[in-house]
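Structures for review follow.
The following pair of complexes shares a single chain, chain A, combined with chain B in the former and chain C in the latter.
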Partner chain A sequence: MISIAGKKTIRKINWRVYILLIPGLLFVSIFTFYPIAKMLIMSFFNWKIGYQQVSDFVGLDNYKNVLTDPIARKAMVNTLVYAVVTVPLQIVFGLLIAVLINGTKRFSVTFRLGYYLPVITSWVVVALLFKYIFSNQGLLNFFLSDILHIVDGPVGWLSTRWSALFIAMLLGIWKGIGWNMIIFLAALQAVPKEYYEASSIDGLNRRQQFFYITLPSIRGTILFALVMLCIGAFNTYTPIAVLTGGNPAHETEVVLTWMYFQTFNATGKMGYSAALSMIIAATIILITIAIFISLAREEN
Partner chain B sequence: MSKYKIVGFISIILILVTSVLTGCSSNSSKEVSSNELVTIEFWHNYDAGSGQVDILDKLINEFETENKDIKVKHVYLEWEALKNNVVTGAATGSLPDVLRGDIAFVPQFQSLNVLEEMGALSDYIDVASEVLEAPNSTAKMGDKYYAIAANTNTKILFYNKSILKKTTAQVPKTLDEVWDTAQKVSDSKTIGMVEPWTGIWNVGPYIWSEGGDVLAPDYSTADGYINSPVAVKVIQKLADLYKEKALAGPSMDPGAVGDSDGWASGLYALQLDGPWREKSNIEAGVDYGAIPLPAGSKGSISVLGGEDFMMFKTSDDAHKKAAWKFIKFMTGKHAQVEMAKVGQMPVNKEALTDSEAIKAIPLLPVFSEALQTAKARPVTPKWSEMENIIATKVAEAITGKKEVQKALDEAAAEIDKLIKESN
Partner chain C sequence: MKSWERKQKYKINFSETSRYSLLFLGLFITVIPMLYMIISSLKDNKSTFSYPPKLFPGLDEITFQNFTYILNNENFNNYLMNTLFVAFVTVLIAAVISSLLAYTFARFIFPGKRILYGMIISVMLIPGLAMIIPQFEMAVKFNLVNNLWGVILFYSAWVTPFTTFLLRGYIEDNIPRELDEAIYMDGGSIFTVYRYVMVPMASPAIAAVSILNFLFPFEELGWSQTILKSDEIRTLPVAITMFFQAHNRTDWGYVFAMASLSMVPVIIFYLVLQKYFISGLSSGSIKG
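Entry: the complex of A and B
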């Protein structure tokens, strides 16, 4: 009797859970799964968005166009470089600051607030501020040429591909450190104090404690940050859009700014953009799987 | 949870979902009987800051008083939003009844199959005969009219008087003198010329004035036009100026100061620009002068800008009729003079010579002179893509990334590929 009653209760709870899940599921289905499926379909068509226009099936042509397009390739390289540079540096600096703040007894809230402030500031606002600092007639050039007199004319920080991307990366790192710090701080506080006490009795110094206790204990958090930051890096749009607009001559384009350009500035190359976004999605999925596999291997 | 609660919960969800779905579609039903009040939706980008929207409100009021059975609901959308909303609305048919937008939108929207062929309206020819022919040529694709000119503009050469005086430079009289002046006045605190973009809107006038062109007259090829010796020579000149820091612009150098900011701070000396430059220079207190583009070897040929009125296929007959009535009112002398008072250059021939309009736009005579020879950019569906190709290649050439001839050859090849694909 008891077991039957128990089963009944479980079923009841399940029903309730399912019903409560329905609105969320519906929302995600309509606004996430459906667009993804639709985009996959679009990527195989010369998708016409005009009124009562018929789209032609073109097979893999859109993918071919994306992969042979020199600007798309440049945008992919730029995005990859952005990810490879900003993701590890955000984690390293975020972790470093988290460890330092975790060790301080006074003013820790002040430091946390200070480092977290860039995170809650609008991307557009900080990107514009960076633009004012680094533009030809900007603050930095004024400082270098008019005050310090160490350069003759304005330095074109935003004028060429790599220096402009470097500024964008600087912005991305500066803005991302706070988020990493908060995530790592939470993880650090969850590491049992006893580990450190025991290890110091065993004679481990601070550095050894960090590598043999802290890092292995927050491994899951690092993995989480790594995946989230990779997704974020591939989704970067605002810093480039505001700082350079993809200029000069699409040299500083990242995949999302190029996708936006193809969709709207070139009047609705929807199929091309859909193929490009499917390629980005596939890349992100592959990178995530690779991160999981490599970390799982290390654990084994 | 009781059964009733579950049923209640599901019903609420169903009601919510259906209300969302029906909410989306309610806009599309515009059926009305003939004597009912017809409300037309009008999308535009009249500038609120310069009082254009106030004048529009006033004009709509007058129109509604004259036409008791029509109501005009106007919606302001910024330039890019205006275009994007039509691009995204084309698929669903959620479009306005009337739109006043950039002349460059006409071929783009026509390629989306959303524009009503206005030339087929019985009195279109009569109405079109009252407006300037050149601006209205932007409404024509093939032998059909898909729009009517709303207002026009062209670019003239603005110069900073203080900079020219300080460097004892003369106001240029020929295109070659423009380049010389730009070079002469440039130093560490001054840049001779600014071009915010490198499309045909920007470099077209220089190429045309030297006798070159962008596409073949029948739009069949770009080869031999955009990469012709004349075009190469003009772009090479711009590349030389850029190298000497006598030419700047954000699309060539993202770190460059924007044109309005640069004018206000006295950084830029010359710019070929439209009527808005007059307004912003007055606001910024810049001591400036303006002349039509000094002539090149084949004359002074500036580029035609401005806006057209468009109607959409998605409207029903009653709305189309009301929309056309409204457009006729807006292209009439009265509305055009009113709009001239807030900086919109008229297309209506009578309004152009109206004393009030001339009083409102002091440079109107200079613009009118430039309009005599101004040229429209090609009106072809893929034009925006073509101009993007040109802008990219010209930027590569000017910034020295590629040899000018090579960059323009690539532009011609890419454009020809596009032409072939769309045929």
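Entry: the complex of A and C
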């Protein structure tokens, strides 16, 4: 044991490795590490942009301001609700479709393209499309009032908090299912067929096969999807910006739209925005760690 | 045919039928909004605004005037060329840088490796838009405002962590070390291994992740609308949003014609590379 470990550490380091490493590291450092570090510093200052402006150190004041700001809180609640609703539903529907497609012989290319179409369509385009469908004179109101006669007049779907968020979540789920489908399809195709053959000889039915073979085999992919979708949920900007712009009265803001608004529409709030960004980043990192810890515990 | 055989056969057929009907139902729900958009772009503007909305225009009502208007009047070609330029350069930079990083992390042991990799992966967790203030300061300092390179450089940096993560997993899982050893035996260096083993062998994964990276400039709005201020250098997401705001609630036919046209390059790119998509994504990094 010791000799193997020793061998590993004394293996001669090829200096050429650094030539491979340096362009990437330099690039990532300049364009991501540096802004993140700068952001962390800014979040402790009453940051002022401009020549010869002095920024005052304010300690944790910016964080306090964010956490006590009712709109920031609302934006955080909206973002969390968005994540809690859209992430599991995308996984469930994506997996369901992947399982169904995995067994098909015909039309599989049609399905893969069709279900993937929303994923390769720009967020701007699909958000505008949903804005049109759910607008006052849109398709949904037409069906509800003129065809089904459920409601009297047009419903302002995008003008109240929860119905607008509901539309945004519907959009997020609809657009995200295809990505999950592709990821799970890739995972399903890697599950050895012998497992299914052996288990059907043992008398397992399809449902049992799904729970005892498929799900355990693609655990890692589910974990991967979970983490990526949580990141994506906190990264939501475009659909809200296009659908509601955070309106009415900041009721439908998510953290990024609120941060953007504070940065460019409110003056002298750089420190506030920086603190909000750090809180967003910390939340995502904590969620990711929590997912990994709960998985590790489950394995033990 | 014995009765139990018939029963079994019937059962299989039934489950196949229900499988296909479920899939087609789902497919219908998935594509109907897109079809609706394309149909709306083929109606003249008066009828897209009419209430009650007409789902399907009569055959005589179909018109391409929205498309001709967009193609002739709205600098569409310009926006398209800008977006394509940003997309191709972003894909290229991300592919080169990430494949180098992925190769290094997959194959070599060097001091600080775990920490460095951890740092790069953590960047993946932080939304690019969350770093907007320092990035904007940098863009001002480096003269990147109103400059396509301002979006290219930051986009490439934002997509590099995920691209690296995916390629590293693919290299570790799918490219045997014996190939590296064979190159070394012939006197090749690590650069030879990179050029003649990594790049060709990892190409399915590079293609798969490039589809995602190519799409990015076609849909990113927050950063691009921040720094692409003048009309002639806008990318499509900014241009469509601006166009929509300018023609608010009146010219949906134009908006949808523009939106439909903007999808075409991404769909073509996806169709060209889609055969690599599944195989390129089935790497250990995803399976865990």
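Following the convention adopted for this analysis, the second predicted complex is superposed on the first by the 280 of 300 C-alpha atoms of A that agree within 3 Å, B and C clash if a C-alpha of one lies under 4 Å from a C-alpha of the other, contacts with A are read in each partner's own complex, and residues count from 1 in each chain.
Basically, contacts are C-beta pairs under 8 Å (C-beta built on N, C-alpha and C of every residue); 3 or more make two chains touch, one makes a residue touch a chain.
Fair warning: this is a prediction, and the values are worked out from it, not measured in the lab.
Contacts of A:F264 after superposition: both chain B and chain C are touched.
Judged by the touch definition given at the top, the superposed model places A:I120 against chain C, while chain B stays out of reach. Once the two complexes are overlaid on the shared chain, A:R16 sits against chain B and chain C alike. Of the two partner chains placed around the shared chain by superposition, neither chain B nor chain C is touched by A:M76.
Of the two partner chains placed by the overlay, neither chain B nor chain C lies in contact with A:L229.
Shared-chain residue A:L185: touches chain C; no touch with chain B. Touch criterion met: A:G220 reaches chain C, while chain B stays clear of it. Once chain A of one complex is fitted onto chain A of the other, the partner contacts of A:I173 are absent, as it touches neither chain B nor chain C. For chain A, the partner that touches more of its residues is C, with chain B and chain C as the two candidates. Once the two complexes are laid over each other on the shared chain, residue contacts for A:T104 go to chain C alone; chain B is not touched. According to the touch criterion, the shared surface of chain A, contacted by chain B in one complex and chain C in the other, consists of residues 16, 19, 23, 49, 135, 137-138, 264.
Chain B makes touch with chain A in their complex at residues 1, 6, 9-10, 13, 17, 80, 83-84, 87-88, 90-91, 93, 95, 108, 111-114, 188, 245, 248, 250-257, 265, 267, 313-314, 384-385, 388, 392-393, 395-396, 399, 401. Those residues of chain A lying in contact with chain C across their complex are 8, 11, 13-14, 16-21, 23-25, 27-28, 30-36, 38-39, 42, 47, 49, 97, 100-101, 103-104, 106-107, 110-126, 128-130, 132-133, 135, 137-139, 142, 146, 174, 177-178, 182-183, 185-187, 189-190, 218-221, 223-224, 231, 234-235, 237-238, 241-242, 256, 259-260, 263-264, 270, 273-274, 277, 280-281, 284-285, 288. Residues of chain C that touch chain A in their complex: 19-20, 22-23, 26-27, 30-31, 33-34, 36-37, 40, 49, 51-53, 55, 93, 97-98, 100-101, 103-104, 108-111, 116, 119-120, 122-135, 137-138, 153-154, 156-158, 160-161, 164, 189-191, 194, 211, 215, 218-222, 226, 236-237, 240-241, 244, 249, 252, 255-256, 259, 262-263, 266-267, 270-271, 274, 277-279, 281-282, 285-288.
Chain A makes touch with chain B in their complex at residues 12, 15-16, 19, 22-23, 26, 49-53, 71, 134-138, 152-154, 156-159, 164, 243-245, 247-252, 264-268.
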